[in-house]
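In what comes next, subunit A is part of two complexes: it sits with subunit B in the first one and with subunit C in the second one.
The block that comes next holds the complex of A and B.
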C-alpha cells in the first residue's frame, strides 16, 4: 500500500482481538447450524453456496493481486481443469466425487507448478496477459481434445447427487479454511515478504526475500483453492463446457469482487463476494446487461473509490479488520492484552 | 509446391496479423498502456464497416473513409475522457479499466447485433490467382495483405517524417523531457489512442471480409494482437510485421485444429524467454 507511512503515524484501530475472533466463530457456527438444521430454504442455500465460493475465489485473487502483486487474468484455467477432473473421474472412470475433487486439486497444483517456471519470469502486465493466454490455450486444447468430448462438454455422473445442503456445508468449510490460510500466511514472515515484494520487488529481494519461493507458495495456494471452487461449481451445475468452464467471466467476477471490496484488505473480498452474487442474481433479470453493468461499476469504483468500499472506509475511519500489517499492531494489541488482564 | 503454398498462405495471414497488432504496439510503446479492449475495437471496426457497406451497398474497403475518422475521434475522446484519468492512479488500475471496457463493449455488441455470425460479402470472396500448378493465391487474401502493409507503411512514415509523429516518438522515449520541450503529453496520448483506434477500424474491415466474426470474437483478436506485440517488441512497428509473419506461418502450419493453440504456446514461450521481443530498443 502506497500510504503505509501515513497510516502508521495515525492511530489505526486494528480489529483483530479476541472479540473479533469470537464474532467470527459465532458467525461461522451460526452458518453451519442454520445450514444443517434446514432453517435456510434450498434457494437461500444455493445463494449462500455461490457467495461462499465467490468469497473464496475473491480472497485468492486478492492474495495474488492485492497482497503479492501478481495480477492474473487467467485463474479460470483452474476452475476449468478442476471441473473437468470431476467430470472425467465421475463419468469416465466411475469414481466418487471426492476422487474428482482431489484429482482436480492435484492436477491444479501440478499445472500451477509447471506454469510457475514460465510465468514468474514476467511481471505486471506481461504476467496478466500471459496467464490469460495460457487459459485461452488450455480452453482451445479442451475444445479439440477427443478425451474430454471436445466442444460438446461433459456431464458429472455421481451416483448420489449431493444435496444443496451438503454443497452448502462443503462451500462454507472451504471458505473458512481459505480465509484462515490467507490470514495466517500473511501474518507469517513469508506473508510479510509477499507484501514487501508487491511494493518493491527489487528492494525486497535485496533484503533477503526469496521472491521465487514466496510467489510459488502463494500461487500454489491460490490454484488449490480455486480448483476446489471449480470442482464444487461443476458438482452443483452437473456439467462442464470448454466455453463456460474456461470462460473469462470467472476472472471478471474475481476482479469485480476484489476491486469493489478493496484491494489488499482481508474483509474486502467478503463484502465484494456478497455484493457480487446478489447483484448478479438481480441482473439475471436483464439478460445481456449483466457484464455491462458490472464492468461499468468496476470502472467507476476504480476512478472514484480506488481503495474499494472496505479500503475507503478503513482509511476514513482509521480502522483495519484483521490487518496483515504488524508494525502498527503491537502497541494496540499490548494495550488490548492489558485491558483483558485488567 | 505444397510447402510454397503453405509459406505463401502464412505470409498473407501474417500481414493482417501485423495490422491487428500495430495499434496495440503503439499504445504499448507510446502510452505504456496494455489495452485489453483492442480486440473489441477491432470487432467494432468490423461491425461498423459491415453495417455501413450493407446500408449504402458499397465495397467494404470504401467504408474506411468514414469509419477511420469516426474511430479516431472516439479513441481520442476515450483516452482524454477516461484512460488518462485512470493512468494517473496507476498502471494496474489502467489495465483493469481496459479489461472492464472490453467486457462492456463485447456485451454491448451482443445486445445490439445479437450473437449471429457476421461476414462482409465481397464478389472476390472466392476468386484466386493461379500462379502455377497447385499454387493459388486468394485475391481476397492478397487485397487484405496489401491494405495491411500499406497501413503499416503509412503509419511508420507518419511517425518518422511529420512533426506530430516526431512529438509522439519523443513522448514515447522520454515523457518528461518531451513535456518540458512543449509537447502536450495528454494530447499526444489521445492522438496515439486515436491512431490505434483508426488502425483497429482498418483491421476490423479486413477481419470482416476475411473471417466470420461474432460480438465475442474480440478476445481472440486481442490475444493475436498481443502476440504480435510481444514477439515483435513493444512499440516496434517493423517488429510487428516480422511477428505477424511468424504467427501467420505458425498458424498455417498448425492447421485448423491446432493452429491457434500453437500460436498461443509460441507467444507464451516468447514471453518467458524473450519478453522484450525481437525488435525492442
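The block that comes next holds the complex of A and C.
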C-alpha cells in the first residue's frame, strides 16, 4: 500500500490553454480569409468543403459511439432526409436553399426524436443493426414514393446555384460550430456523465447519471449536424438519389474517420476526416480498388493502433489536446497544501 | 430511530427466472445491517432490486418514507442510495478522481467546483487520495474495491450498499475494511453489507439477515443468527427435503 505512493503518476500534460486557443482562432481566421479572397483555387476549395463536412460527421459519430456507446450504422438516414428536404423545398415548392436546409434539420430532429423511443431500448449490436435497418427501410420507402419521384431521384433547383466559395464558407462555419458545440458539451456536467457512460452504463446510472437524457441529447445534436451536412452535400451535388443519399457508405466513412483518428478523442475525427478525404480522392483513380484499400487500412489500424492515430500518440507521449479531463488539484490548492506542509 | 429502508413481500428476478420470493426486512437508520446466505440465494439480486436495475413484480420497497419500487436507478441515487458492485466496475478510462467526481456531480447534484471537495473527501476516507490521478483501469483489485466505496460515498448517500468488499482480501486488509465501515457508521451512514467473511459480520454489524432461496430465513443480532441451526443448515445443506415447487 505504501510503496504505491512512490509510483505517483507523472500527470498527463494537457495542452489546452491560451496558446492552443490562439492557434485554433488563427487557423479558423486563415481558412476564412483564404476562402473569401479566392487564394484557394476552386478545386482546393472543393476538397476543403468535403474535408470540413466529413470532419463534422466524424465528430458527431464519435460523440455517439465514442462517448455514449451508441454505435449507429444508420446515420445516413439523416443525410438522405436532409438532401431530399433541400430538393423538395427548392424544386417542388420553389423555396430558397436556406428553407431547404432548415426543413431538413427540423425533420431530422423530429425523426430522431421518434426513433429514440424505440432505439434507446437497445444496446450494442442490437442498436447498430436496428439503426441500419431503419435507414434501409427509409431508403426503400423513398425508392417507391411518387412524391419524391421514386428511384429516379430529384434535382436541387435553386435560383442561384451557390458558388464553390460560398459552399466552402458554409461548410467551414458548420464544422467550427460543430466542434465548439461538442467540446463545450463535453466540458459540462452532462459531458462528464457521458464519459462515464462510455465506460460503464449501468455503473454510471447507479451513481446518478441520467442515461436516457444524455443519450437523447447526443442523438439530437448528431441528427441536426449530420442533416445539415447532408443538405450541403445535396446543394453541392445538385441532385439526390435514394441509393446514394441513403447509402451506408456515409456511415462507413464516419466509422473509418473515427477509427483512424481515435475513438473518444476530439482531435481524432479532425485528423481522420482530413486523411479520409485525401485518401478517397487519391483512390478515385483506382476504381474498384478504393474500398478494398480503405478496408485494409481500417483493419491494419484496428490491429496495430487500436486507439487510432491521435489516441496512440496521446498515450505514447502522455499528452492530451482538446481534453475533457478533469484534474483534481488546480494550482491554488496545490499551493495551499504546500503552505500547510511548511 | 425510524426505518430507512423496508422491503415488503418483494418478488423479483431476471426475465422469467424469479430469484427473490416474498422477501421482507427493514433497516434502521444509522445501523450496519449484515446480509449473509449461500451463493445464489439472491443477495446481489436484492441489491439490484434495491437500486432499480431490476423492478420487482410484486411487493414494495420503501426508502426513507418514500415508495421507490418502480423508480429509475439515477432517481434513487439522488434520494440517497449508493451502491458498490461485487465485481468492481470503475470507469476505466477516467482517473480515480474523475470517477468519484462523476458521482458527486451527478449523484449529489453538485457543480464541478463543490463536487471536487466531496470527491476529495471520499478519496481520503478510502485512502485513495494519493492515487487520484491514476487511470481507474490501472488499479489493483484492492484499490478498485476502495474506489467502489469512494464512488458510492461521492453520491452523498444516506444508505450505503456494500457488496462483498472484503472478499479476496488478506486478514489485515479485512481489519482495515472493518475499521473503515465502523468509521462510516460513526459518520452517520446507514449501511447494508453483504459478505461471506464471517468475522466482519460478527464484528461490525448491528443486525444480521440470513437469506435462503430469495427469502429471509432469520433476522436478529449477529451472533445468535450465526450460531443458529437454520443458518448452519442452509450453509452446510444438511436437509433439503422441504424443497418446494
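A few comments on the model shown:
In this section, the second predicted complex is superposed on the first by the 316 of 342 C-alpha atoms of A that agree within 3 Å, B and C clash if a C-alpha of one lies under 4 Å from a C-alpha of the other, contacts with A are read in each partner's own complex, and residues count from 1 in each chain.
Convention: contacts are C-beta pairs under 8 Å (C-beta built on N, C-alpha and C of every residue); 3 or more make two chains touch, one makes a residue touch a chain.
Since we're looking at a predicted model, the values are computed, not measured.
In the superposed pair of complexes, A:195 makes contact with subunit C only, with no contact to subunit B. Judged by the touch definition given at the top, the superposed model places A:134 against subunit B, while subunit C stays out of reach. Looking at the shared chain after the overlay, A:159 reaches neither subunit B nor subunit C. In the superposed pair of complexes, A:306 makes contact with subunit B only, with no contact to subunit C. For subunit A, the partner with contacts to more residues, out of subunit B and subunit C, is B. By the touch criterion stated above, A:285 is placed in contact with neither subunit B nor subunit C. Legend: residue contacts after superposition of the two complexes on their common chain; A:316 is shown touching neither subunit B nor subunit C.
Touch criterion met: A:206 reaches subunit C, while subunit B stays clear of it. Touched by subunit B in one complex and by subunit C in the other is not one residue of subunit A. For subunit A in complex with subunit C, the touching residues are 1, 4-5, 8-9, 11-12, 189, 192-193, 195-196, 198-200, 202-211, 264, 325-328.
Of all the residues in subunit B, the ones that touch subunit A in their complex are 34, 36, 82, 85-86, 89, 91-93, 95-97, 99-101, 103-104, 106-108, 110-111, 219-220, 223, 226-227, 230, 257-258, 260-261, 264-265, 267-269, 271-272, 275.
Of all the residues in subunit C, the ones that touch subunit A in their complex are 51, 53, 72-74, 77-78, 82-83, 85, 89-95, 97-99, 101-103, 105-109, 111-112, 116, 119-120, 127, 130-134, 143, 151-152, 154-155.
Residues 65, 71, 73, 117-119, 121-122, 124-126, 128-130, 132-134, 136-137, 140-141, 144, 248, 252, 255, 259, 288-292, 294-296, 298-299, 302-303, 306 of subunit A are the ones touching subunit B in the complex.
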